[in-house]
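Shown below is the structure under consideration.
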Amino acid sequence: MDKPYLRELSKPSLENPIFVQGLPGFGNVGRIAAHLLTKFSEAKPFAELYSPSFPDYVSISSKGICHLPKYDFYYAAMEKSHLIIMTGETQPSFDDVLAHYEVCSDILSFVEKQGCRFLVTMGGVPITEEKAQVYVAATSPRLAAEFMEKGAVIYSKGRIVGGTGLTLALAKERGLEGVCFLGATTGFKADRGAGYQVFKFLMKTLGKEIKEGSQEKTFKP
Amino acid sequence: MDKPYLRELSKPSLENPIFVQGLPGFGNVGRIAAHLLTKFSEAKPFAELYSPSFPDYVSISSKGICHLPKYDFYYAAMEKSHLIIMTGETQPSFDDVLAHYEVCSDILSFVEKQGCRFLVTMGGVPITEEKAQVYVAATSPRLAAEFMEKGAVIYSKGRIVGGTGLTLALAKERGLEGVCFLGATTGFKADRGAGYQVFKFLMKTLGKEIKEGSQEKTFKP
Amino acid sequence: MDKPYLRELSKPSLENPIFVQGLPGFGNVGRIAAHLLTKFSEAKPFAELYSPSFPDYVSISSKGICHLPKYDFYYAAMEKSHLIIMTGETQPSFDDVLAHYEVCSDILSFVEKQGCRFLVTMGGVPITEEKAQVYVAATSPRLAAEFMEKGAVIYSKGRIVGGTGLTLALAKERGLEGVCFLGATTGFKADRGAGYQVFKFLMKTLGKEIKEGSQEKTFKP
Amino acid sequence: MDKPYLRELSKPSLENPIFVQGLPGFGNVGRIAAHLLTKFSEAKPFAELYSPSFPDYVSISSKGICHLPKYDFYYAAMEKSHLIIMTGETQPSFDDVLAHYEVCSDILSFVEKQGCRFLVTMGGVPITEEKAQVYVAATSPRLAAEFMEKGAVIYSKGRIVGGTGLTLALAKERGLEGVCFLGATTGFKADRGAGYQVFKFLMKTLGKEIKEGSQEKTFKP
C-alpha cells in the first residue's frame, strides 16, 4: 500500500447526501460530534479509508483483534435526503502536509461520486475562557451569513489546521459548497460539552432541534 | 492534489515582462516590498499557485470565507514593458527542500511562458545593528556590479535561504538573468522600514525615484 | 535504489511455511526471540531485504567489512512444515510511516510467494513491574482465544507500534491469518529474559516444549 | 528539478580511474582531504551534481554570484591511471535517508560509466583523545587486511553515517571494490590535521609518500 485506498463494504443508494466530517483534534470536538451524530441518526458503516500516512501503530480491540488506523464512512436516512458521516481515530501526522492534501482529496472524490454537493466539517477551536459557542467558516459569504443567522459566530481571520480546514477549502476549489463548525474548547483533552454543542447546532441547521439534558444521557460517546 | 497547480484567472498580453517575487521570511521584507509594489503599480491579479507542500492550515477571511494557502501573481504596466509580481502568505516548510525546488521550478516555468527573461527576488537579511541598506546577489558578475553602482552592497559570501535564493539560482540554471535584493533587518518581526528600502531601491533601478516620506503615507501594507 | 529490494540467496523448497518476524523495538524482545529461534532451529539464511528507508549509516563487521542495513530471511525445517524467520538490526525511522507500510507490504508479498498463509510477529510491550508474561493480538477472535488458552494474555485495547503491528494488520487485510506475541519488558535496554519468554511460548505453540534453564546456557543471543 | 541531475562540463578520456570522495562531516575531514588532493594533483573540474535534496539555501560567491548547492567532480592524471575526485559543501539532510541513497547511487552510476572499478571514500571518526590515526573499512576482508598492513587500523564494529558509508556499501552491492579511510578527530570543527592525515595516507597507498611539514605549508585548504 503506497496510496490511500478506500474499501466499500456496501453500495447504499443515497438521495442528495450531505457529507459530515468529524476528525480528532482540539478537544476531540469534531470526533465527538460525529460520534453523537452516528448514534442519533442510527447511521450504518458502508466504507473505510486506509492510508500509509496514518500513524504507524495498529490498534487492538477489546477481544485482541488488530486493525489498521482508518476513517469510517457511515450513511443515515434523513426525511428527504441522506447523510454521509465520516470519522476516525487519527489524522496524518501534523508535518505531513502532502498526506493531508492527498487524504482530503480522496475523501472528496469518494463523496462526490456518492452525489454530495454540500458538506459540513466539524472541529474545535481553542479559547481561554469556557463558553458554549460555535464558530462558522464557509465556502461563500452567503453561506457564512446564513449560518450566522442560525446562531454561529463568524470565525473571522482565523486559521483551521488539518483535515477540518483542508477538506472544506479543497471542496471549495472543486466547486462544492460547505461550512465548518468549530466548537469553542478550553483544553486539549476530550471536550464532550463542546462536541455536544457542535452536534446540537448541526441538528438545528438540519431542522432537528435537540432538547438540552435529555440527549446527554442518551449518548455515551 | 499531489503536485503544485497553477490557475490562470485571465490571460493578459505582456510586453517583455520582468518578474518580481517577494515572499515572507526575515522581517517579512520580501512580502512587504512586493505589497508596496502591487499598490504603487496598481497591479491586477491574474494567476494563483496552489501546492500540497504549503502548510496544512486554511485561512479564514474577515467574512468567514476559507481559502487554501496560495501564491498570487499580479501584472502591471510600466512605460515600455510589464511587471509580473508574485507574493504569498507562506512558503513550503523549511525542511521540505524538495518542495521548495518543485514550487520554484513551477514559478519559473510559468513566468518563462509569459515571456520573462529577467527576474528580481526580494527578501531580508538579518543584521545586528539597524541600518538602511540593500544587499544584492546576481546571476552574473556584470549584473552584480551594475546594481552595486546603483547603491546596493554585494552580498559577498552569504547564504540565502528558501524561495528567495532558490528561484534566482534555478533561474540561472535555465539561462535567465536576475538579481536578488535583500533588505537589512534586525528582527524577525515584520519590518516595514526594510521592506520600504527594498521597494524604493527596486523602483530606482526601474527608473522611478521614490521621494522619502510621501510614499510612506500613501501605502498601508 | 529508490525502493526496497529483495535479494534471494537461494531458492529452498518450503512446505506450508509459517512466517516468524522479530524486529528490534522495546527491550529488543522481538529480535532476541528471533535470534534464539534461528539458533535453536539451525535456520539458514536465504534472502535479504534492503531499503532506502533504513537508517543512513552502514555497519562495519569485526573484520572491517561494510554492509548496508538489511533484514535477513532464514528458513528451517520443522517436523511437517518449514519456518521462515526474519530479523534485522534496524527498522525504518519512527516518523517515516509510508516507509513502514512499504517495507511490511514487501515482506508479506515475499512470504506469500513462498506459500505462507500464517504468520507470527514478535515484540515487546513496556510495563512498569517486572513480570514474565506474553501478550497476544491476532487477526481473528478465534485465534486470540486459541493462544489465550495456551497461556498468553489478550493485549486488550493496546497499540502496537512499527513493523510488529503493521505486518500483522496488513496481513489481515490480505486475508492471511496470524498472531503477535508481545513479551512484557520493563526497560528499553535489551531484555534477554523477555525475549526468551516469547521464544519459549512460540516453541510451545509449535509443539516444542523448552525446558527452563538448559536453553539459557545454550543460546548466547 | 525533482531528481538529482548531473551536468558534464567536459568529457575527459580517463584510464582505469580510481574514484575518491570527500564530503563534509565530522571535523570536515573528508572534505579537507579531498581539497588537499585536488590541489596536490592539480585536478580539473569536469562535472557537477545538483539535487533537490540538498539544503534549500543558495550560496553567494565573493563577487555576489549565486549558485545552487552541488557536488563537484574533478579529474587528475596519475602515472598510469586517473583519479576522479568528488567533493562538495553539503550533504542531504541527516533525516532524508532516501535522498542519501538516491544521491550515492547517482554518483556510483556516473563513475562506473567513467570506467571506475575501485573507490575510496574519506571521512572523520570522532574520538575523545587526540591521536593521528587513520581507520579503514572495506568491501572485502582482503582489502581491509591490505590497508591495515599499510598502517591503518581496522574500524571494527563501527558505524559510518551519511554518504561516506553509503557510497562504499552501495558500491559493494554493485560488485565494485573499495575502502573508506576515516581520520580520527576530537571535534566537530574543521580539523585540518585529521584531513591531512587521511590525505597523506591516501597518497602513500597510491605510491606517493608525502614528507611531513613541507606539504602543510604548500596547501592552504
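Going in written order, the chains are labelled A, B, C and D, and every chain counts its residues from 1.
Operating definition for what follows: a contact is a pair of C-beta atoms (placed from the backbone, for glycine too) under 8 Å apart; a residue touches a chain by one contact, two chains touch by 3 or more.
A quick note: this is a predicted structure, and the numbers were derived from the prediction, not measured.
Considering only chains that satisfy the touch condition with chain A, which of them also satisfy it with chain C?
Touches both chain A and chain C: nothing.
Count the residue numbers both chain A and chain B use at their shared interface, divide by all numbers used there, and answer same if that is over half, different if under half.
different
If I superpose the C-alpha trace of chain B onto chain C, what rotation angle comes out, expressed in steps of 5 degrees from 0 to 180?
180
Using the average of all C-alpha atoms in each chain as its centre, how far is it in Å between chain B and chain C?
Averaging C-alpha atoms per chain gives centres 54 Å apart.
Suppose each chain is reduced to the average of its Cα coordinates; what separation in Å results between chain B and chain D?
38
Which chain B residues reach two or more other chains?
95 - these are the residues of chain B that touch more than one other chain.
What topology does the chain contact graph adopt: line, ring, star, complete, or other?
Contact pattern: a closed ring, each chain touching exactly two others.
Please give all chain pairs that are in touch with each other.
All chain pairs meeting the touch criterion are A-B, A-C, B-D, C-D.
Sort out for me which residues of chain B touch chain D in the complex.
94-95, 97-98, 100-102, 105, 136-141, 144, 148, 154-162, 165-166, 168-170, 172-173, 180
Given the complex with chain C, which residues does chain A contribute to the contact?
Residues 1-2, 50, 52-68, 93, 95-96, 99.
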